[in-house]
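Please find the structures below.
What follows is chain A paired twice: with chain B in the first complex and chain C in the second.
Here is the complex of A and B:
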């Protein structure tokens, strides 16, 4: 079965619970009186995504660009099956591996080696995948005997290396990435790049959210520009990035546009 | 993922919750020789101290009472700890749940199993105590294992019910903690029920009493009553139904409550 992503008019909003409305007492009181207290019981909504529609099929590498708060992270969480839009439909077919946050499931007290399994299990790895990762990760990281020392004793560089290796150990149909994975200033840049490129090549659909046009241009063939939770533009990467950069009067990105 | 898949994950992804629970336990052993046994030792000394005092207060033969109280505390510690940890099973995993799709039953299975391991630790200490008191276990005591087998789905379902509710309403854990404190005194653990009590309903209407009995009675050499089994099994069954309902209602909402 080929991987597929389809969003049809999907909208998602976060309720922001004022402290008061999280309490059971207030909620029961509201039920009992049959009315509403204050501003809808103190619940304020943030519209994070409005009417998003697009479709991705194998071979698509979608970059999502936009400023802070434009809905990039929420978009990733919708695709990862974490956030469920209140209206519209989302169809995702295939095995999704979400790499949104770094070092999930890593226990600093345990050795690097002992830390390989849980993050992978959390992502849904099978026994065979864990076995394979336990063999290839120590070699890839080049941590030597450090692999058997507690994770907390590692230098930042070593931590990043291990976290990167673990995150890139699983083969998915659909990869949902935040930029940390691709943009880190890794000491072992070259080997990391080879590994990441191979992973992306073997993945049917990639979705990458980033602030950095360079990164998106490097990885993605399609780009979605988001602003305030809405789709501003969706199309071939170069066109969208040019439009995006024209709209942001940011000297750095202008300089980039001039050289690119 | 569907509702059925959420519960199916308890079986298909048992590696995940077992690994999480084993890591929890190994953390308690970190740089400590006795590790979680310290909790068992604390339990043992509590049983010994309070037990001797209350044997005197209630004019009970102290060997019998200490055995009764020790076995009661062993079972109660499981029930009470899983209840309070059921409340935090979702909240404790906020970071994971924000970034990975993890079914709640997986998180409550972790609590159920982790506490089973703790139960085994405690059972060693209480077992030694019972042996020293000259109240050895008999073959009938094996029925405790059947009772214990009910504790696992009890804990699993309780976490699936309370975890999401406690994530939404953050003062529910306090309410539960208060109730459990009261239940400790309402359940015959520290006091021995007897025929002459005018209102046995005080404990007979308490599901914790029956859940306690299915594990405690066999250890004391008695068979749990039919009533004990019926109430315990029904409690677990009702919790199971509630768990499925809560999961169905909340599985798409939990993300909003983190």
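Here is the complex of A and C:
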């Protein structure tokens, strides 16, 4: 079965309960998000996506670009099955592995080895895949005997290594990434780069949300520019990025925009 | 690509989760892993974990025996020693209260999972059942010790105990699911649950036999589902010394069933928004 993603006029909004009927805060929020917030019956809604339609098939690498609060992350959450659209349809065929969170499901009290299974299971791994990963991950990380000590005793570098290895252990049909995965120290970075590149090459569809145009240019053949939850432009990466950079006064600042 | 990994996901509004229960079944392995992880973390400091499961009911039992038997001079059921009468009720009560508190915190404490990946949320509170059940078994072993001390042995009725354990779990599950779901939306429930647990200990017939409740109030009293559960436990464990008040027991059963339906329905109704608001 070939992987496929199809969005047909999908819209999504989510409620913010803590803000209910606090008009000052609401109007502040409205400013901050570029007018994408509504207020209905005391509950405040963020209109995170409006009327999104596009279709992806094998070989597509879609980059999503836009400023903070433009709906990039929500887009990824919809593809991961986390957010249900209030109107329109979302069809996703094939196994989706969302790499949105790095240390997903890791419990600091359990050993590194014991921590391999739950994150993979959450991502939908079968028992055989978990077994394979349990052999391959300790070797790849090079953690030695630390793999049998509690995760909380690890150095930051070791934590990053293990989390990276777990995140990238599973072969998917569709890979959903929020920014590029960090890989720790230099020596490890090279191996990590090779591993991630291979994973992406073996994946039919990749969706990558990022603030960095260079990264999208490097990975993606298609790009979606979003603003205020709406599609501004969708097309070949170069064209979209050019238009996107033209629209901002200072294109260089974009690469350094705060992550969100 | 294995057949298992092939998946089709269609999201659209109003598409009732027609395959909800079948979907749930396909996540049984994840359920088992979550349950084992909870248990492993809980008993990581093994000594404290086990001691806690023993000390809590034992100390409460001693205090209740002193207050209700020695001070208030309430009668036991037949020839059953008062400490055993109390302890036989303490077992289901702590099972109930542990499920309630463990489950209701489960979604919030697993917020990082829920907001990042999709799976049926129902398995998170249900996975905490294993921890509660293991605590229960540890306390149960202590009951056997108590019975040896008092040379008081149960009869064949103890064989029916698993049924009442199941009833205690179901009685806890309904309110637990309701509170779990509400706790996600309104964090105030975090403060309400310890109060409910403490309050419930006194309005349930834990420190005394439910036969001391005046006849005309008994049916009303049985609206508390734990009355039926506790009476059932005593019936099983006190060797024929305790009687079940059947009209009240049936009423308790009905309340358990109604709460369970409400709990599951409310949970399912709000489940989809958890990832957005947790």
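Annotations
Operating definition for what follows: the second predicted complex is superposed on the first by the 220 of 260 C-alpha atoms of A that agree within 3 Å, B and C clash if a C-alpha of one lies under 4 Å from a C-alpha of the other, contacts with A are read in each partner's own complex, and residues count from 1 in each chain.
Please note the rule applied: a contact is a pair of C-beta atoms (placed from the backbone, for glycine too) under 8 Å apart; a residue touches a chain by one contact, two chains touch by 3 or more.
No experiment lies behind these values; they were computed from the predicted model shown.
With chain A as the common reference, chain B cannot sit beside chain C without a clash. In the superposition on chain A, A:94 makes contact with chain C only, not with chain B.
Touch counts on chain A: comparing chain C and chain B, the chain ahead is C.
Contacts of A:236 after superposition on the shared chain: neither chain B nor chain C is touched. Of the two partner chains, both chain B and chain C are touched by A:127.
When the two complexes are overlaid on their common chain A, residue A:58 makes contact with neither chain B nor chain C. Looking at the shared chain after the overlay, A:118 reaches both chain B and chain C. By the touch criterion defined above, A:157 reaches neither chain B nor chain C.
In the superposed model, A:77 makes contact with both chain B and chain C. Of the two partner chains, both chain B and chain C are touched by A:104. Chain A residues in contact with chain B (one complex) as well as with chain C (other complex) are 14-15, 17, 77, 80-84, 98, 100-101, 104-105, 107, 109-110, 117-118, 121-124, 127.
Across the complex, chain B is touched by residues 14-15, 17, 22-25, 27, 77, 80-84, 98, 100-101, 104-105, 107, 109-110, 117-118, 121-124, 127 of chain A. Those residues of chain C lying in contact with chain A across their complex are 1-2, 4-13, 29-30, 33-34, 37, 40-41, 44, 112-113, 115-119, 185-186, 272-273, 275-277. Touching chain A in their complex are the following residues of chain B: 1, 13, 15-16, 19-20, 23, 26-27, 30, 95-102, 168-172, 175, 252, 255-257.
In the complex of the two chains, the chain A residues touching chain C come out as 1, 10, 14-15, 17, 77-78, 80-96, 98, 100-101, 104-105, 107, 109-110, 114, 117-118, 121-124, 126-127, 173.
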